[in-house]
Each structure stands twice: as C-alpha cells, then as structure tokens.
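Each of the next two complexes has subunit A plus one more chain, namely subunit B in the first and subunit C in the second.
Right after this comes the complex of A and B.
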C-alpha cells in the first residue's frame, strides 16, 4: 500500500483536539471516585480515599438496578437481532414496493427524539391498562434497537455476493442449510457488532425508560435520580465509572473484531 | 419435508418476503406506529381545568395553547440550541473524520475508529454527569479558568442575558457545551463513512489536474462529504430537540421542548398538551428527514 500524504499541522491539531474533547471528560469522573469530599465537586481534590468502592459494593439497590438493566438489555437485544435480521433479509433480497418506507419506519425511533417514543408508548400502555413492568421496558427498548441490527446486517448483505446463495441452493442445500453454512458465517460479525451496539444502547437508555418503567429502576434510572437529587455523590461517581468500564470491554472487543474483519476484506481487493 | 418447504418458498418469493417481513413489520407498525397514532389522537383531546381529567372530545384548543408566547419561546429556544449544536458538532467532527479517513495509517485508523465509536456506545448519562463535575462552580474548569486568569472573560460571557447565567453549570453556554459533547460521535461517524467512500483516485485525479490541496478539499471532498454531514445532523438535531436529561441536570429553569413535555406529562398530568407539544419535533424531524433523503444522507448512515 502506498503511504498517505502528510496531513497539515492544523488538521492534526484539530483532529487531536476533537479526540481529547471526546475522552478527557470521562477521565475526570475516574478522578473524582477518589475524592473524600461528600458534598461538593471541589478541584483540586482535598485528598484521596478508596473507601467509596466498598460503600458502593454494599448497596442492595445498586445490585437490583444492575440486574434489571442486564436482563432488559439481553432480551431487547435478542428481539432486535431477530427482527432486524429478518427486515434486512427482506429488504436485501427483493425489490418491492414500499422498500424505502421500511428503512424510514425502522429509523424513526432513533431519528425522532426519544421523548416522543417514550410518551407515545406510555400513553398507549396506560390506555390499555397494561401494568408497567419488565416487559414494557423491553418493548420500548426493542423499538430503537431493531434499526441498529438492521443497518449492520443490511450493510453486510450488500457486500456479500448474491451468487454464493444461489450456488448453495444449486448444489442442493435447503434454505436452512444455506442460512446456516453460507449466510450466517457471512453476517456473523455484523450480527455481533449490531447486537453489541443494541445491547449498549439498551443498557444505558434512560429517556424512553423513564416513561415505560414502573416502580423498578434500571441502572441509568438510578443514576438519573441521583443527578436530579444528589444524595450519594461519591457512590454515584463509583457507579458512573463502573458503567463506563463494564461497557468498555465488550464494545472494545466487538470493535476489534469488526475492524479485523474489514482489514482482511481490504486486502483481498 | 424441509427441502420441500424450502423449494416451495424459493418458487414463491412473495410469500417468502411476507414471512421475512411479517414479524418486524407487525412489531413496528402495531406497537410503534400504533402508539404514535394514539399520541396524535390524544393531542386533539383537552384537559378539564378544574378536575384535571382528560376530556375525550375532538378539539383544537390544546394546539392553540402551543401558540401562547411561553410555549413559542420554548420552541424557539430549543430549535436554536439544536441548530447551534449541530453546527458546532459539524465543525469539530470534520477535521477528526477527515484525518481518520484520509491520512491515518491503517493501524492508527483502526484505533481512531474505535476511539470515536466508544463514546457513542458508552453511557450517555454518565457522559452528561461528567460535565456536572467539570462545570461545577468549585470544579475543574473554573479552577483552570482562574489559573489562566480568564475569569473576567467568563463573567463577561455569562453576563449576556440570553446565553448567560449565574455560573457555567447553570447557563445555556454550559448546556450547549454538554450537547455538543454528547452528540459529537453521532456526527463524526456518518462524516467518516461518507469520506471513506470518496475514492482515492478521485483525489489523485484532482491533484494531477493541477488543483491545490485546498481546492481539492473545497471542490471534491466537501461536496462528497456533505451527505454525511446531513446524516449526522439528523442525529444531533433530533437528539437535542427531544433531550430533557441534560437540561434538567445542567440547565437553569428555562424550559426546552423535552423538559416541557416531561413536566406536562408527569407533574401536570396534562397528556394532551404534552402530546401536542411532541408534534412540534415530530413535524420538524419529518420535514428534516425528507430533505435529508433528497440530499442523499440515508446512504451515509
């Protein structure tokens, strides 16, 4: 591969500035988990302590919220994987009337402000006298998770050779076999990437959740209530750091995976 | 049996299509569009002032309330904030996306893409929270500003009635910074995608034909990257329009659309007015999406 031309210093600086702006604020939270100051956000920190990690670990309400968030995200992701893949397959394989409308419909939940989805679902759910529960949270989350999987899978389908599927069918494989041995390996990383993104979206979603949750609180709802009425500032810092770290590992792995995948694709060209 | 079924379906693409499309469309049309439609219906109801009950009779009076000066103010404030945030995000996103797409070595590029995508997937709330720490009056930014002896400039900025406030954490300036920060990755990624699609040969051709780098940038790269900017702006604009978390956590008491909807629906129990209010952003976004599609933004998503 030919080496790239050099970027100008101005461009490099601007790019670096953007990058720092994206990441430095999070590090500030990490710093504040060590503050002994319970009531203000004084900087420089008046001292250093590690006791808040222990305090957070003991909190029952945090564990409940964490468990709920995990369960909701898992179920919403599975639903999104199924619905998103089906929609992507339909849009990819045939050219039918209203195909554009489907992309449009699927993108609406993330294109429209979250509060619209939230209040619409709340009004509808309330109108049918359905109790707000685990499942109402999942229903809300699935609406905006579908499009993420759909986009990822559809993009992969478009890069895939259609002739592979035909060849498989010509060689006598049935639909299920073709899906298992030809399509699935091709879209596996797209599914993984889409699934991870859907999971992360659901795990940290707060806007729609405030409308579709009943009494239970997910981890983001817990944090939000702390932001509105700060009662446990140091514990909130620890939880915030924990949320960052727990989403970091799987997202990072999925990213590496799909990056490697596109690298190899680039080499064969 | 399985083979027969598969052949049967292969011969009937319409049926296969219906089977594929059925579940996602059932979900999206019934649950999602159904709820939206229901919301639309509610916006034509009204709230009985004394009893606080919803009157289920068609009326336009709820919509009329939207045109009261207080509510018009909310619309104006929110739309202007969304536009300012979108513009600032495009400005910050472009150099980073451009460098990543066209100048970074493949190895560096992999890392940059990860660095850009990570914040998009990481917790939005936590990222808002970070700024509560940073912007606090006793916090790190004030400390830094004092260190540079720029507190005079800050106070001068905060002195403006429309954008200022008692401190950074409680002013529209602070809120603006937070919005720019949290939606930035949504702008960078589509711009990056559209820049990556610009073939290298095109840039080389432009150079070979005698264009200076700046000319190539203006005449070739910018027009081709524009759909990406529009695609990104869909997110930055829409997300700012509907957000109520950041204004609640950081703003002063001035209402934004999302906050107004939240409080009408919640504490006031006025679902019709909340519903009518959400029609504002819905209409704005649908117009925006239709425009964006004409500009080719959907391909850059």
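Right after this comes the complex of A and C.
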C-alpha cells in the first residue's frame, strides 16, 4: 500500500466503488446460500436455513465433478511446472534463431480468447480421432497453465546471477547437482507461485473445458449446467462459495510469494 | 635435457573464434608451477577468453590446453582441477557463508563435520573467521571477495583463476587485497592466474606478466622486464606511460630510424645551455604544459623534431612556484643511452 498520507476524497470514493462493484455480486451469492426459497432470488430473504449445505454434501454428481476438477488441475499443474521451467531455461540460457518468436508463441494462449483455443483444440483432437477424455481436458488446461509458470520462472532466471551456474560447475558439481543445489533453490518460490496460479486457473476454467471434455463435467461445467436446468438452486450457490474459498488460498499465497524479493530461503541442511 | 616439472598450464596454438571475431588467435603460452601469473590487456584483448578456456566454460576452436601435462581442452569444468574467483563473486545467495565455502566439498560428498571444519580453516586463511553463519547479502564487497576466494581454494586446485576480482573494490581496499592475495598465494603455494586490465595491479603482484592485445600475446616477462624493455609500441604505451620516438629525431640520436621508447622518469629536464655527459643524448624543446602533482611534476615538452614528450621529475627541492614558472621556456632534455629501448614498428 502507498504511504501517501492523504488520498483525495474523490479517489477514495472511486476505489471504494470499484471494490464494491467487484465484490458485491460475490457477497450476494454467499447470501443466497442461506435462502429457504428453492427457485427464485427474492429479497429480503424469506428466512434463513443451512439445509443446502447438507443437500450439497449428499449430491453424488457434485462430488464426481469436484474430484475430476482436482485431478485435472493437479496433473495440468505438474505438466506446466515441468514444461514451463524447461521452456524458460531454454529461452534464458541459449540464444537461438527465433527465440523471441517462441517466447511470444508460449505466452499467446493466455491472451487468446478461450473460445479460440477451445475450438482449435477440438478441431485438432477431432482431426486426429483422439477420444475425448480426462487427458484431453488436461491438455487444454496445460496450454495456459504453462504460460504462468513460464513467465514466473523466466522472470526469476533473469534476476539470478548467471555466473552462479558456472561457479557451481567450476567447484565440481555436475549438471544434476547444479540443478538441485543452485538452480532449484533460486527458482523455488517462482515455481510455487506459478504452480498455485496455474492450479487456480485450471480449477475454474469453463470455456476451453467445454470444448475438450467428453461426457465428464468438471466443477465449473457442473455449475454451468445447474444454471440451465435449475434443481435446488441454492446448492449451486453453496458450491460456488466453496470454489471461491478454495481458489482464494492459492491465489493469495501466489501473490505474496511473487511480491517477495529474490531473498529466497534455501533448504536448511 | 633434464626433466623439469611440467608447466602448470600450456597453450599450444590455441584459438577461439566467435563467428568472424578472433577473440584468441593462435596463442602459445606456458605458466610455470607455483607462479603468480597475470594476463594483462585492454578489454576485448582475449585475456578473459583465455581464462574461461582454462576453466572449461569455453572450448578452443582449435589448439590444445594442457594442465600439468594432461590435455584438458575438452573436459567439462567439473572434471578439471582448476577453480575460479569470479569478477562478480557469484556467491550462492540462498546459502550462508560456510555452506558457500564448503560447496566444493559437499558436491564431492565429504561428510558434514569434515567440510565444516575445512570451511572454517579457509575462512581463517582469508581472515573471515566467525562469519560462517551470515548470508552473502549481509557482507561488504571486500568480505564477499574473501568468501569467493575461500570457496575457490577449499578444493586445493592445481591452478586458481582470478577474473578481475578486485575490479569492484575501492582503491584503498584494492591495494590491501593485492598484498593479501600475494601472501595467500605464497602460503598455499598454488599457481595463480590473474586477469586484469590494471597495469599497476599486474606489476605489483605478478611473478610474470603476459600482455594481450587483439587476441594475441605481445610479450611475456617479469614486471621489470615488461616495464623497462617493452617489446612493442603497444606494450610501451599500455604498461605505464612511454614516450615513443621515431623518424628524424631517432636517426640523429641513434643512427637508425627504428622507433624507440623512453620512460618519462628517465628523462632529465635541464637548462638549454647544459651539456650532455658522454653516455647521454639530448634534444632541445619548449615546455608546453606543467602539471604539479605534489610528489612529482609532469611536464609536456615539444621537441625540435615535433614530438611531444612527457617528462616526470620528483619535487625534491622544487616547489609549485618553481615548476610552474618553467612553462613556455626553452629546455634541454637529457637521458642515458641505456634507457632507450627499441620497440620496432
């Protein structure tokens, strides 16, 4: 936060307005988890009930979607960590023809509208006659998860003193030891931040998933289908609230980690 | 021939080209066992590339490099018995000082108590005892320098490479470290190869110096030899200040128009009517500029032949008033024949 002693009243009002605009709708969702009314949003609430939490707990389809989302996010994040780190290392360490172009192409998926990525993937997957499955969802998510890891790790590499790697080799460490003792501790927090962001992105992704999933639904898709054919509408609100709380944690931590300077803590031996 | 010990480092026709740029061009070089050897030259002269090839960070385009007789040209850095002190120190920021110093032992799987004991020894050698628990970010520039030195010495390398290690320090600290480096080298008895562009540093510390220019070695020799008998106009100009005299004036003084060099402190500034002694030569000139520097005064004298010569005289009896009054006057410059050094070119 700024240490400016006084911001003008106008600025304060604008900031407050912005925050309210962003967060009031979310609070409304929280509020309507408590309504006893099944199908409509009436205000003020006709009463207060906690029964929807119980109903949500017992819905089989909800649990399936939640598990699938977790699995997809976990696998996509691991893939992104490996591929993103390798790509960042390649772009940082070597100077090959078309390096800038490759860097641009790596970042592109996050800028492209999801619907374009989705259609492109669907066409490609269909063209190769690959059945839609868990793995096609993972591939779809990995396209943008790789980007956040790549960006975080590349930024860290650029801040790292390049001669550290030479010093390590000079002192007798082979490539694997150099990676383990010097490179990994240097990029550890970048990996953690990038990984958590990737997980959160994957966990609430809708558009690309609708094009790459088969019959399965991830949690966001499940919520989406609930809006079209409402059944126990407040259950959706309960789920939405939990998704928000669950994604809040990694995003919050990722931001804290990225904000820290390069003073990384190494493993204590 | 008897069997002398193999040279610590031998370059056999070593070249390193980057595209069309010949960073190092057909260099032959021998560094003797146990000596303090400096590679001196302006930036881009190839000295750092030579150092990087000895360390293994760079491979020669052609030619071979021998470490105590063994061909190491194609070995990776971690298989050479050579360690480096980097210009930017390259300490590991996530490790404390002791772990930094012990790194070379850790990757060789030496057990922890042994490596901590030896790290402490090294820290004592570099006068950093008790600093083991600190992080590099909590140290001053001079202290980081010592950590880098301790870390590079812990494996007892056959050759220690130092890449302009004093460049980032201020003058006073630099002079102190020069003395200390030299004494550490004598204590550990390891061959040091020191890269620098600072001629004073090279003259102060080295047993021998190689002067680099444009990818080639111009001259190799002891500091006094390099200073007193520069082999080329480049060496004469790069190491210390030199007056280069050629053409008509040279012909009149030496009988040949081969260029020669004469150091400013070897020239005596005399009255225009003074006569040279038997083994001296002289030229007339006009003092164009006088710079009073306290300990000595630097004069710029334009000679009859059109050369501008720099003359340095100590202010043993003169004051600033005396020396400044010389400006614009006609003088006679005298020096011993012996101090003239033919440089060719």
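Simple rule for what comes next: the second predicted complex is superposed on the first by the 245 of 269 C-alpha atoms of A that agree within 3 Å, B and C clash if a C-alpha of one lies under 4 Å from a C-alpha of the other, contacts with A are read in each partner's own complex, and residues count from 1 in each chain.
Definition applied: contacts are C-beta pairs under 8 Å (C-beta built on N, C-alpha and C of every residue); 3 or more make two chains touch, one makes a residue touch a chain.
A quick note: this is a predicted structure, and the numbers were derived from the prediction, not measured.
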Partner chain in contact with A:142 - subunit B first, subunit C second, else both or neither: first
Subunit B versus subunit C as contact partner of A:186, first or second or both or neither: second
Partner chain in contact with A:84 - subunit B first, subunit C second, else both or neither: first
Which superposed partner A:163 touches (first subunit B, second subunit C, both, neither): second
Subunit A residues touched by each partner, larger count belonging to subunit B or subunit C: B
Which superposed partner A:32 touches (first subunit B, second subunit C, both, neither): first
First, second, both or neither for A:174, with subunit B first and subunit C second: both
Subunit A residues contacted in one complex by subunit B, in the other by subunit C: 169, 174, 263, 266
Contacting residues of subunit C [partner subunit A, same complex]: 55-57, 76-78, 82-84, 86-88, 90-95, 99, 103-104, 106-108, 112, 137, 151-152, 155
Residue ranges of subunit B in contact with subunit A within the complex: 2-3, 5-7, 9-10, 13, 16-17, 20-25, 27-29, 31-36, 38-39, 42, 92-93, 95-96, 98-100, 102-106, 110, 112-119, 121-134, 136, 138-140, 142-143, 181, 184-185, 188, 234-235, 238-239, 241-245, 248-249, 257-258, 261-262, 265, 271, 274-275, 278, 281-282, 285, 289, 298, 301
Contacting residues of subunit A [partner subunit B, same complex]: 1, 3-7, 11-12, 14-15, 17-19, 21-23, 25-26, 28-29, 32, 40-44, 82-84, 86-87, 89-90, 93-94, 96, 102-117, 119-124, 127, 139, 142-143, 146, 150-151, 169, 174-176, 196-197, 200-201, 203-204, 206-207, 210-211, 220, 223-224, 227-228, 236-237, 240, 243-244, 247-248, 251-252, 255-256, 259, 263, 266
Interfacial residue positions of subunit A with respect to subunit C in the complex: 161, 163-164, 166-174, 177, 181-182, 185-186, 262-266, 269
